[in-house]
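Pasting a structure below so you can have a look.
Chain naming follows the written order as A, B, C, D, E, F, G and H, and within any one chain the residues start at number 1.
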Amino acid sequence: MENRKERKITARNLDDREFFYGHKGCPGCGGSLAVRLALKVLGEKSFAVLPAGCMSAIGFVFPQMAFSCNAMISTFAGTASMLAGVAAGARALGLEGIHAVGFAGDGGTADIGLQALSGAIDRHDRIIYICYDNEAYMNTGVQKSSLTPTGARTTTSPVGNRLRGAVTPKKQMFEIVAAHGIDYAATASVGHPLDYLRKVEHASRVEGTSYIHVFAPCPVGWGHDSAETIEVAKAAVDCGLLYLAEYTGGGFILNHDPGEFSSIRDYLLGQGRFRHLGEEEIEAIVAQRDSRWQRIRREWRT
Amino acid sequence: MSHPSRSKAYRPPSRLEDYPTGTVFPAGHLVETSSGWRSKRPVIDTERCINCLVCWLLCPEGVIRKSPDGRLEIDYDYCKGCGICARECHPGVILMKQEGA
Amino acid sequence: MAGMNMFLSGNEAVAAAVRLARPQVIAAYPITPQTTVIERLAEMVEDGSLASEYLHVESEHSALSACIGASAVGARTFTASSSQGLLYMAECMHYASGGRFPIVMMNANRSVALPWNIYGDQRDSLSLLDSGWIQAYAEDAQEAFDMLIQAFAVAEHPLVLTPAMVNLDGFALTHTYELVNVPDPSDVDAFLPRFTTANRMDPEHPVSLGFTAGPQHNQAFKQLQHLAMLASGQVIREAEERFGQRFGRSYPGLVETYRCEDAERVIVTLGSVAGTVRPVVDRLRSTGERVGLLRIRYMRPFPDGELRAALAGATSVGVLEKDISFGYEGTVFTNVNSAFARSGASPRNLLNFIGGLGGKDITPTDIENLFARLAAPEGLETVTFI
Amino acid sequence: MVEIRWHGRGGQGAFTAARLLGVASALFEHRHALAFPSFGPERRGAPVLGFTRIDDRKLTDRSMAGACDVVAVLDDTLLEPSVLQGLRPDGLFLVNTSRSVLDIEPPPGVRTVLFDASSLASQYLGRPIANTAMLGALAASSDVIGIDAVIRAVRHEMKGTQREKNADLAKAAFLVLGGVA
Amino acid sequence: MAGMNMFLSGNEAVAAAVRLARPQVIAAYPITPQTTVIERLAEMVEDGSLASEYLHVESEHSALSACIGASAVGARTFTASSSQGLLYMAECMHYASGGRFPIVMMNANRSVALPWNIYGDQRDSLSLLDSGWIQAYAEDAQEAFDMLIQAFAVAEHPLVLTPAMVNLDGFALTHTYELVNVPDPSDVDAFLPRFTTANRMDPEHPVSLGFTAGPQHNQAFKQLQHLAMLASGQVIREAEERFGQRFGRSYPGLVETYRCEDAERVIVTLGSVAGTVRPVVDRLRSTGERVGLLRIRYMRPFPDGELRAALAGATSVGVLEKDISFGYEGTVFTNVNSAFARSGASPRNLLNFIGGLGGKDITPTDIENLFARLAAPEGLETVTFI
Amino acid sequence: MENRKERKITARNLDDREFFYGHKGCPGCGGSLAVRLALKVLGEKSFAVLPAGCMSAIGFVFPQMAFSCNAMISTFAGTASMLAGVAAGARALGLEGIHAVGFAGDGGTADIGLQALSGAIDRHDRIIYICYDNEAYMNTGVQKSSLTPTGARTTTSPVGNRLRGAVTPKKQMFEIVAAHGIDYAATASVGHPLDYLRKVEHASRVEGTSYIHVFAPCPVGWGHDSAETIEVAKAAVDCGLLYLAEYTGGGFILNHDPGEFSSIRDYLLGQGRFRHLGEEEIEAIVAQRDSRWQRIRREWRT
Amino acid sequence: MVEIRWHGRGGQGAFTAARLLGVASALFEHRHALAFPSFGPERRGAPVLGFTRIDDRKLTDRSMAGACDVVAVLDDTLLEPSVLQGLRPDGLFLVNTSRSVLDIEPPPGVRTVLFDASSLASQYLGRPIANTAMLGALAASSDVIGIDAVIRAVRHEMKGTQREKNADLAKAAFLVLGGVA
Amino acid sequence: MSHPSRSKAYRPPSRLEDYPTGTVFPAGHLVETSSGWRSKRPVIDTERCINCLVCWLLCPEGVIRKSPDGRLEIDYDYCKGCGICARECHPGVILMKQEGA
């Protein structure tokens, strides 16, 4: 048996078993890949909780059950508190080796589920909370969430003469959970699967609350080809709109500095939701990225 | 077995008594496939495959399997033809073929 | 009577009962007039007399969500709330009952804003009558104590598997001290064995919980839920029977009748105000008036049969309640009336008295007036605010 | 009352066809029409349905169960026997396909019309979005709707460059199938 | 008919009506099957055809809270929700009605979890019947459109000042396209003048809003709220009258009867399923059977008088509803029964048919069977799941 | 008329009018002082929103109305969203010069009201949100909130052999709202009234969301004499458990560095809620303070 | 049934007195008792009430309105005429005060007992917490409760050093007022 | 006037019609005082007062007023006797006197 403490996960040693299989997700769904991979790390003793959202909608339609581990849908607002209950119940009943893990969308995390998440972090509940970020309310048909990036077209942030997609910046969930003094937090991307797997593995060993924010493209909502999901997820990191980082023990760690960024323009215009953006708007996004990276490079460890 | 597969024998309950008490049901219980969703089918040229497992890792459906002899197989019952495997295969040994063609 | 007599408030009685029921997980959020329940429980966890996981949640929605999560791994769970808090967890109430999680809740009946008001009326729980919870209403602290213990037994019964709420009138019960007999822990353990269920996450046999059921299947789940709630009526009676044998206190099932045998005029009510009606009935009886009291102990399952049977001889029935469904009448009245309509035979007079909203006092004199009104033949407004 | 059931995949416009037919009928032939989609947890790529009901009197019944008069299939990879469920014995089976023989066989009384709407659409639109062509085909092969109403509906609902192209496409499909306007 | 005929879904009809009603503030949160309403509204705000503040809130509790805040400064406000969302804002629903904020809400009727299900039943709104909102139920998209416009007029009427909810069956109405006549803006402006109220923050004459009222005063506020809701019945009828005069579409008040005149057997129901009953009534009538349909258009205020009058001659009444109050019966049935009980005279047969839960289809054949069951004399179970 | 833009507020030029008067708060209540002072800055065009909590409970008992400006009680969870509605309604109706200001307790802010607050910050609603922090749910009788500091005795964090008061650290609300990229945030104390007044004045000019976290001792819940409220509020700053700071334009500013800290021990043992603390427990609190100040002094501007 | 109403300020223990009297009566004289506080938005320092009802039969009526038999006042700064509201004409008016004459005058039939409980309490407890002394005084000046029951109730409910001191204080008050145990 | 004061003429509504429609009521409407809460009363020695206004600023009740002649006055109807003013007055010119003594 491997020493769980030191296991470095690769495609070779990753569990062969599938715990999320036969779901009704769209072809090329980044979110379902994020769920699938995390469960391969956490294994059969996962007690998964998923709020209303794409992953629960596609995973549990009686009598078709796509999760092979224990899993449950929570209320949209209740992911973290239901997880807390699962963890507390398991502890009270003496169940060992359980991973109480949640998979919630961006809306279920940064909007309606934020308060319960904050409560769990505050209690240092031993739960792993994974936010798969597809940057809108997808299950209900692509409405703006607070994690929808500026400029993105959604059905409630339309594009026309008066509005040009979402007008507010993306909420900084990673920084917000870090400001809580959470036990462990990380950002990740399905475009960087090994980094993501390592972070899930790390979270599974944390005595307290872990939060992983994994970027998970949605071909339907973003308007790219289903085959491009991984590329888009990589490009977001390469162009600097997404950074791979961790927060632990009171400090930030940048896991990966792309150095020269790839083109934000290409990243944006490759997706239907951004195709209306003009040069000026793109420049503004570039400027924002640059100022954020300045701060990151200045303040975060690497 | 590492993947759930469709339970062909299953018949949905018709009488009240056959339903569970509570919303509780065996995990990994599949009664439908998603093969009908696909318009293109990935085919692996196993001869040229270098077994890097990238496709295995990145398939959102998890339908690429390591068969006992080490080759990769695809569970076409649940492959949706998204094309990720083909796109991410560096040696380019996965082909997306039109279904029914 | 074994056990120990203590001078407790209704809330303290509830906390004492919860301790003896040994829930494995408690999650609750403070709200007047429930708060002292969860304060006592916090103390018990601290002093080791109660071995529960006690979660400081950030809202009632999370309190009940946490209980659902804990119940979903097979733990016995308890929460408590009131008024605004109950409404804030309304979504979870339906969720818990639909998922058949036998959580037990104490609700301190309190008025619902706006206007704000912390006193006792029953609009909070009665406005959630359709949420799929068993609803019990206590008249005094001892009954609250006993109902609480029984609630776990009923809710967790395999034929029921439905959450249960025990209601105590805010202040009138929750904050009033009186004598309560608190049984020995071993007796309660014998009465209330450990909770076991197949409706839970199981490391050995993984399950999917809380799933989607489409148009073909959904109604079946709802129908089963309804049948389980109906079955709880019998389970409640059996639990009371067993309870009586073990603890020497017996209860009369879903309704209690007081001097109803040959009564012509009966006041139907629930909760602590029944205690105000009782002495008035005695007084009027002593002057030969044929009056009685029917106290509804459980609003869900609704005791329509018991009600009809008990009121078969009454010519005038007045439903007295601390609740109003705006634009119609009191909800208890509506429920009682339906029981009559279904039998095709309603009493000659059927009146609705709405009172006690926001803690408005209901005095013995008020009750006397109501009995007088029930004696007047016709021409009365159906809904009267007292 | 006639009921038309449209089969497609999520994204192929089956429900748009159902709705356009409703527009054509209600706004331009002044009949009564209801159009509604199927809806489920299935996602893009999964088979979906659209329905149109048309009658001369007000339609009030919205229940789902019921026979249909026309089954129109936008994608021949969907052709499974279940597609024919509920089709009336004297109904119309309209299929977008380049084949001339199908693997499934409708009951004897059913009239089958096979038509390569995708190719025609590719010609007109540059993309194989077949739904307006299928509306033209429906107009040609049944008396459910007239081609004028179809064209007016397309013009009424579509915008920009798609508008006239689709109108022309519908007309062309109508003519290909020998419709007489 | 002036205005424009359009082929719209129920949700699009609602959005079109909201645009014409010109609410100053809109706050809503997406949920199937309501979503397309708020998507259309977002587009209208974008394209300038609707001059509203549109708030992207983070939950339904906040959606309704924001509407309350906006109403508290005197703005006309609109929100929309469904099912879980409605329950998540339950606290605010009582708050809005208690504060007499005439917010208008569209609710897409949808099943309530658990199990999860996005299809249409009416447990969501019916379980909140006591929350103090006017509740209207539409049968088709045109009625939904018209009710929505009227809802603002009624809710904001000085005698009413009570929030109103217009219910559309999920999918059956919200997602079905049909012909809708959309009137000219100027006509709607004339029908629905600007909202003015004294129940608001006023920079010139500051007020305290949403305060506490103790036991001495609380009940008075609740009683006034009840009276206002009762008064809304007449205001609804007047609004329909005015509406008919201006727009040429008239409505029959709180209930609609269809071929009930000499009917022996009547199905009472609400929402879109009435459309399935209608042709069955026609068919049975054509074979000489004396059957009818009574459609409840408003559940609050509850039309008990209208119901009794319309059903006075019926010997068999079947209440068909997409709702169940676990442990008793359908909530509509309970309400209807109470109307009978209050009059002392119930029909000989009084049956409850529960169907359509989680979107289960109710077919014309089902309806025929129900009428047949109503013809059988006795011995039937009162509550039947169909 | 003064130039509002530059006004420096002192006791001399502060509005003589009282807008919170005749309330039923306990003698020496720090929270009511915080409300009173803020309203004197914001003036008669304040539209105040107060959730359930002490300030609303003591301010609006029909027919006794202690607010002289427009004011309203909100649901406990709805302060920020109701404020957002007030602001949106006022804007839509063309009301000018209005200040939509909220006063919520620590529980109403950091627990049940956090989500709505986060939503308002995300939308950059033009509201002023003032959290008066009395470190527990006071209105319901001193229960633990997530802003109750470690070690404090409350009725739900009792003191005995097994527990020694609250076990979790105080949630870092100021950092959390800052992580949102809020337009303006500040901490304050009723013990430093001029600093507080300045911050309220600043907030009144911010085009977007402002958050002020004002430390407001509660003699009843904390167990100190009613006359000591100001002293306690000052001592918290002097001993370094509370820092006076601002967040604006993406950066933190420390307003006041006490240099040498006064005794945490004295601060704690002067209050009934901390009186059970032993030396070791106090040492741990001191260590925590020191490490936090190390970070503050390193990273924040002054 | 007798009803005792206790007047104090928030923090002075008026409700504790009410509850201790209930304990004394229910647990140690085996009678039926209810004890309950007043509750309102008022805070520390504001006048508050406590109530005790005692009867030989089970008490079920919890309504508030009603006359009372004893008014006991823990703090003479509270002495306003309203304090006497509802006191029965033959009731007892028991006041903790160092004065010998009061500004308010109870109706003729009412028996008034003035007693400096605070001073006595200061002596015994070091603090002027007068509620247990007032219980002793009540035992001495009425037949509502016996002093033994009062002492047992104090011992039953209090902890630590307060326990015996308060028991002694109650007893002392009882004796000062001429009670005979 | 800068402070609300008690409306002595006000009588609470006794009939339904006298209640407001909605929970709306004039702001700053006082019908009760809180003088009864106080056991000690602050008294300012206005002779020695240096008019630093610290007490004015810090009184949670806002009951210290600047009178027209510049002296400070206390509205004893609403002073609760908390003692903050006395404690915070640097020159120490506010005395807390026992009420009724």
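To be clear about the criterion, a contact is a pair of C-beta atoms (placed from the backbone, for glycine too) under 8 Å apart; a residue touches a chain by one contact, two chains touch by 3 or more.
Keep in mind that what you see is a predicted model, and the values were worked out from it rather than measured.
Visitor: Give me the fewest steps it takes to get from chain C to chain F if each step has to go to a chain it touches.
Guide: Minimum number of steps from chain C to chain F: 1.
Visitor: Comparing B-D against A-B, which pair counts more contacting C-beta pairs?
Guide: Taking the two pairs in turn, the one with more contacts turns out to be A-B.
Visitor: Would you kindly say which chain has the C-alpha centre located farthest from the C-alpha centre of chain D?
Guide: Between chain D and every other chain, the largest centroid distance is to G.
Visitor: From the mean C-alpha coordinate of chain B to that of chain H, what's the distance rounded to whole Å?
Guide: 76
Visitor: Could you put a whole-Å number on the gap between the CA centroids of chain A and chain E?
Guide: Taking the mean C-alpha position of each chain, the two centres sit 39 Å apart.
Visitor: Please report how many Å separate the Cα centroid of chain D from that of chain E, as a whole number.
Guide: 35
Visitor: Of all residues in chain A, which are in touch with two or more distinct other chains?
Guide: Those would be 24-27, 29, 56-57, 60-63, 65, 67-71, 73, 75, 77, 110-112, 114-115, 118-119, 122-123, 146, 168, 219, 226.
Visitor: If a residue has to touch 2 or more other chains to count, which residues of chain D qualify?
Guide: 41-42, 45-46
Visitor: Can you tell me which residues of chain B touch two or more of the remaining chains?
Guide: 12, 23, 25-29, 34, 37-38, 80-81, in rising order.
Visitor: Considering the complex alone, what residue numbers of chain F touch chain E?
Guide: 44-45, 47, 49, 56-57, 59-63, 65, 67-75, 77-78, 80-93, 95, 97-98, 115-116, 118-119, 122-123
Visitor: Tell me, which parts of chain E touch chain A in their complex?
Guide: That would be residues 29-32, 35-36, 38-39, 42-43, 45-48, 56, 58-59, 84, 88, 113-116 of chain E.
Visitor: Using the touch rule from the top, collect the residues of chain G that touch chain F in their complex.
Guide: Touch list, chain G to chain F: 10, 41-46.
Visitor: State the interface residues of chain F toward chain A in the complex, per the touch definition above.
Guide: The touching residues are 110-112, 114-115, 118-119, 122-124, 146, 168-169, 171-172, 175-176, 178-181, 250, 291, 295, 299.
Visitor: In their shared complex, at which residues does chain F touch chain H?
Guide: On the chain F side, the touching residues are 11-12, 14, 16-30, 32-33, 36-37, 62-71, 190, 193, 219, 225-231.
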